[in-house]
Amino acid sequence: MDFELILGIGRFLLATTLLLLLTVPTAFVIIQMEMKIIAQMNLRFGPNRVGPRGIFQSTIHGFKVLAKEDTIPDQADRGTFTLAPWMVYMAAAMSMLVIPFAPGAVAANFNIGIVYFFAVLGLSVVGLLVAGWASYNKYSLLGGLRSAAQMVSYEIPLTLSIVGAVVLAGTLNFSELIAWQRENVWLFIAQPVGVGIFYISSLAEVNRTPFDMVEADSELVAGPFTEYSGMRFGFFFFAEYVALFIMSGILVSLFFGGWLAPWPFPAQLDGFGGTLYGIFWFFLKTYIFVFIAVWLRATLPRVRVDQLMGMAWKVLLPLALVNLFITAIVVVVLDL
Amino acid sequence: MANLRRPRSAAHSLGRRRALTAPVAAGALVRLLTERFGSDLRDLWTDEDTVEFQTDASRAHDQLRTLRDDPDLAFFMLADAAAVDYGTGTRFEVVYHLFSWKHPGWLRLRVHVDRSDPRIATITDLWEGAMFHEREMYDMMGIVFEGNRDLRRIYMSPDYRSFPHRKDFVLPDDAADSPAAGVNPLERPETWDLTRFNQAPDITFPTSELRDDAPAEAVEDGATRADTGRPR
Amino acid sequence: MTKIDPETRIPDPIELDRIEEDRLRAVAGLAPVRAEGGEYAGFDQVGLPDRPPQTDREREIYTLGEGEMLVNMGPQHPSTHGVMRLVVKVRGEIIVDIDPVLGYLHRGIEKLCENATYTTVLTYVDPMDYLATMNNEHAPAIAFEKLYGIQPPKRAEYIRALVVELERVSSHGLMMGFLALDMGGITPILYAFINRDEIVDLLSAISGQRMLFNFFRVGGVNFDTNDEFLSRLGTWRGRVLKNIEMNERLITDNEIFRSRTIDMGTLTGRDAISLGVTGPNLRASGVPFDVRKAQPYSIYNELEFDVITQTGGDSYARYLQRIAEIKQSIHLIDQIIDKMPHGPVQAQVPGIIRPKPGRAYAAIESPRGLYSVYAISDGGPNPYRFRMRDPSFISLQAMPKLMPGRLVADTMAIMASLDPVMGGVDK
């Protein structure tokens, strides 16, 4: 057997294990952030009993979710009912493979990394549809369909918004894109409209406020997750927060320099210290955007479903197209 | 203590019919009412902020329409529609309170409704907002509003068979005394199935003082029961 | 895990209740409750009553056309207006018709008050409109004073107006919060509760209670102002405009909020009058009817204020109306504090008053609209008839008028802009 191949496989398995292990604390941290930050914005304390200043609250939530009774409706289709949370979670986890955490610390350095990412992300839509259908509940079905419609509609401006960045950088590989940003300017300066569209669409993809009509608790139906309880529901919940982290990570990689440090600091260091340095900056920037998403949740009311869809098709999509055309023209004219 | 009686002598004449020595400002209204309604106007009574007259169930609807539509009267707002029960053998009254920009004070219209056959024409064609008023009057008093498109119970459940605001309906504590008692079978003791308590398990929770085998908890001198409790 | 044979059907608890009810009725010699047959076959379809329709309107609502569905927005809402059931007939996402089912909070206050002395009545009426409690006591107090033939001392009237206006500020502030909460904004409600908490602490300094105050008496109020109350009032007054503005900044110019409230639930002035809608809802539709100006009571004759109206009559106008009324109430409070005279705060009335036989009608402007009391006395210690007209109850009739054609998601938003309180609706 080829030693390189075994090493490669070993490395891949290690990377995927680390990534999967990363998702759980990430979700915990983001949930804890959300509780405390929204509480501070509401001028109240968040949870402050469990652990010093309440930092173990979301961990305990995780254990609580594990301890709950696992119910399946009598007439639901057991196979697909069980499968749906896996599909959503796997879509999120698989898309983490291409996120560049540090120079050289990418689980899978595909040449078509960006295409792979958006393709895999779309699998979560299937998971939601399956969840809605398998619950044998017409309200879940309707909720699932609505959620799927929302996510599919927003995938189009999402993918179109980054094409401008790709055209400028000339590559679909995340690492090379970040290298381009190191040589030239960070892409958010070159593509401001793209950043805006991407961020808004990513919030809608992840079903975050102001686009969380589907799972809102003051609405009529609880969406596709109505019949799920215990850890199955926990899977969906975690998948949503992991997807938020992933989207922020991709935003940072595409537009904000990935693991590069901003101006006063050296952009990139070498060796193992360089890896840690890159990881630090990557996580810092990602969590800034997660914080912004949490901030938006505390502040904004919800957009209504028809206004949401209208915005995707009538506003964001044309804007993304226009952005793409202008970028392409500029690239050709200036011969970049 | 200073004399806090009202400056006017209205206090003594509340409830008693008073001659038409209405406050000057209401004079115009009284004149208009007598012009419009003439002999239908019974028992006109005024106070410093209310003009009141009584009428029959058969004439009420037309009078209300005139009150609303006549340009000089212009009682555009129905402030309240209430029902009063004067006891078995007497009458119901449906009392309407109206407001107009052109006249000071409220106009109160008391409509006599026969208690044995309580029917009156609906005014939901004049004011749509009377719908809930009439539903409530039907639910609570049993007055039927003819022509009302939605005369069903509003507070009580749809299969309820009494009219709670009537004077011969007593509060459920005294359900046994009420002639409308026992609508709900749970109000009648003869329907209670007490044999199910025989099958209940024999659980008792004696306190420590009552248990003769376990002495009461010893407390130290000066300590109270609170001190021996579990720490918070 | 033991496998349960799906053929053995465990009866639903509702079914067990029915069985028990029918058994009891059989013992009592009555027929069972359920009507048989008809096109309504029990609770198979949610929302349909289990008996044939009794009225035209019921037939109209509960007959489903092509593609229509009944959805139950049940008595337990995440939205906080109280317990109310809305049976909504939808076609897809669009509402076709709506039927409010009330009575879940009915406590029989009117009947209860017929067995209570006049002073006790003032405590019974507190939990009606539980967000603006002093108003529930104000109208009966005025009505009983008319019956008894007295007028409360001037200082008592000023204190009454002061606490009522404070309640108005607190209640309208809460409406802002609830409106945002029903649309998903979780922060404004907490900011509104900061303001309400301060006001409630203020009122607890003067009356001893935080919510169900039992403060008014026939002939005045129970307690005079004290140092604690005045100092808290000063602190509150220094902070309230900033508090309200902090909340307003989150909502008023927010694009999402505006797009969900502008042109939603538009109520024309003519419809509003016909439906009996009063209060800020009516004034937001352009009709300048304010009981404090139209039929002045208490000391509102001596205070300077205008009747504010908005044009538009949509949810956004109702929201703006309430903000304007908050500022107006603060202005009124300033005037009241300036003009408050010295004197006693309660007239000398016996504990159990026996007014002469008569009738009295008293209407006030509560934060929800025209709240009126019609009281009949028969000379005894208890009122003969005590009738309350609650504004939320009547304003709720605007729902079947405003909702059809809108989406389900707008139901809560429009209802929040009408601001009903179920305690008052169900009495």
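We call the chains A, B and C, going by the order they appear; numbering starts again at 1 in every chain.
Everything that follows uses one rule, which is that contacts are C-beta pairs under 8 Å (C-beta built on N, C-alpha and C of every residue); 3 or more make two chains touch, one makes a residue touch a chain.
In this text, all values refer to a predicted model and were calculated from it rather than measured experimentally.
Asker: Work out the mean Cα position per chain and let me know which chain is farthest from chain B.
Answerer: Taking each chain's C-alpha mean as its centre, the farthest from chain B is A.
Asker: When I count C-beta pairs in contact, which pair ends up with more: A-C or B-C?
Answerer: Answer by contact count: B-C.
Asker: Pick the chain whose C-alpha centre of mass, unweighted, sits closest to the average of all protein C-alpha coordinates shown.
Answerer: That would be C.
Asker: Report the inter-chain centroid distance for chain A and chain B in whole angstrom, where each centroid is the mean of the CA atoms.
Answerer: Centre separation, chain A to chain B: 59 Å.
Asker: Mind checking the centre-to-centre distance between chain A and chain C? Centres are C-alpha means, answer in whole Å.
Answerer: Here the centre of chain C sits 44 Å away from the centre of chain A.
Asker: In angstrom, rounded to a whole number, how far apart do the mean CA points of chain B and chain C lie?
Answerer: Averaging C-alpha atoms per chain gives centres 17 Å apart.
Asker: In the complex formed with chain C, which residues of chain A make contact?
Answerer: So the residues of chain A touching chain C come out as 38, 41-44, 74, 209-210, 212-213, 216-220, 297-307.
Asker: Which residues of chain C touch chain A once you look at their complex with the stated criterion?
Answerer: So the residues of chain C in touch with chain A come to 6, 71, 73, 77-79, 93, 180-187, 190-191, 194, 250, 254, 256-257, 259-260, 407-410, 412.
Asker: For chain B, which residues count as touching chain C in their complex?
Answerer: 1-2, 4-6, 10-12, 14-15, 49-50, 52, 76-80, 82, 84-85, 95, 97, 99, 101, 105-106, 108, 127-133, 136, 140, 148-159, 164-165, 169, 171, 182, 185-186, 188, 190-191, 193
Asker: With touch defined as at the start, can you tell me which chain C residues reach chain B in the complex?
Answerer: Residues 21, 24-25, 27-28, 30, 33, 49, 51, 54-58, 102-103, 106, 108, 110-112, 115, 146-153, 219, 271, 273-277, 289, 294-295, 344, 347-348, 355-361, 363, 370, 372, 374, 376-377, 385, 387, 389, 393-394, 396-397, 401, 426-427.
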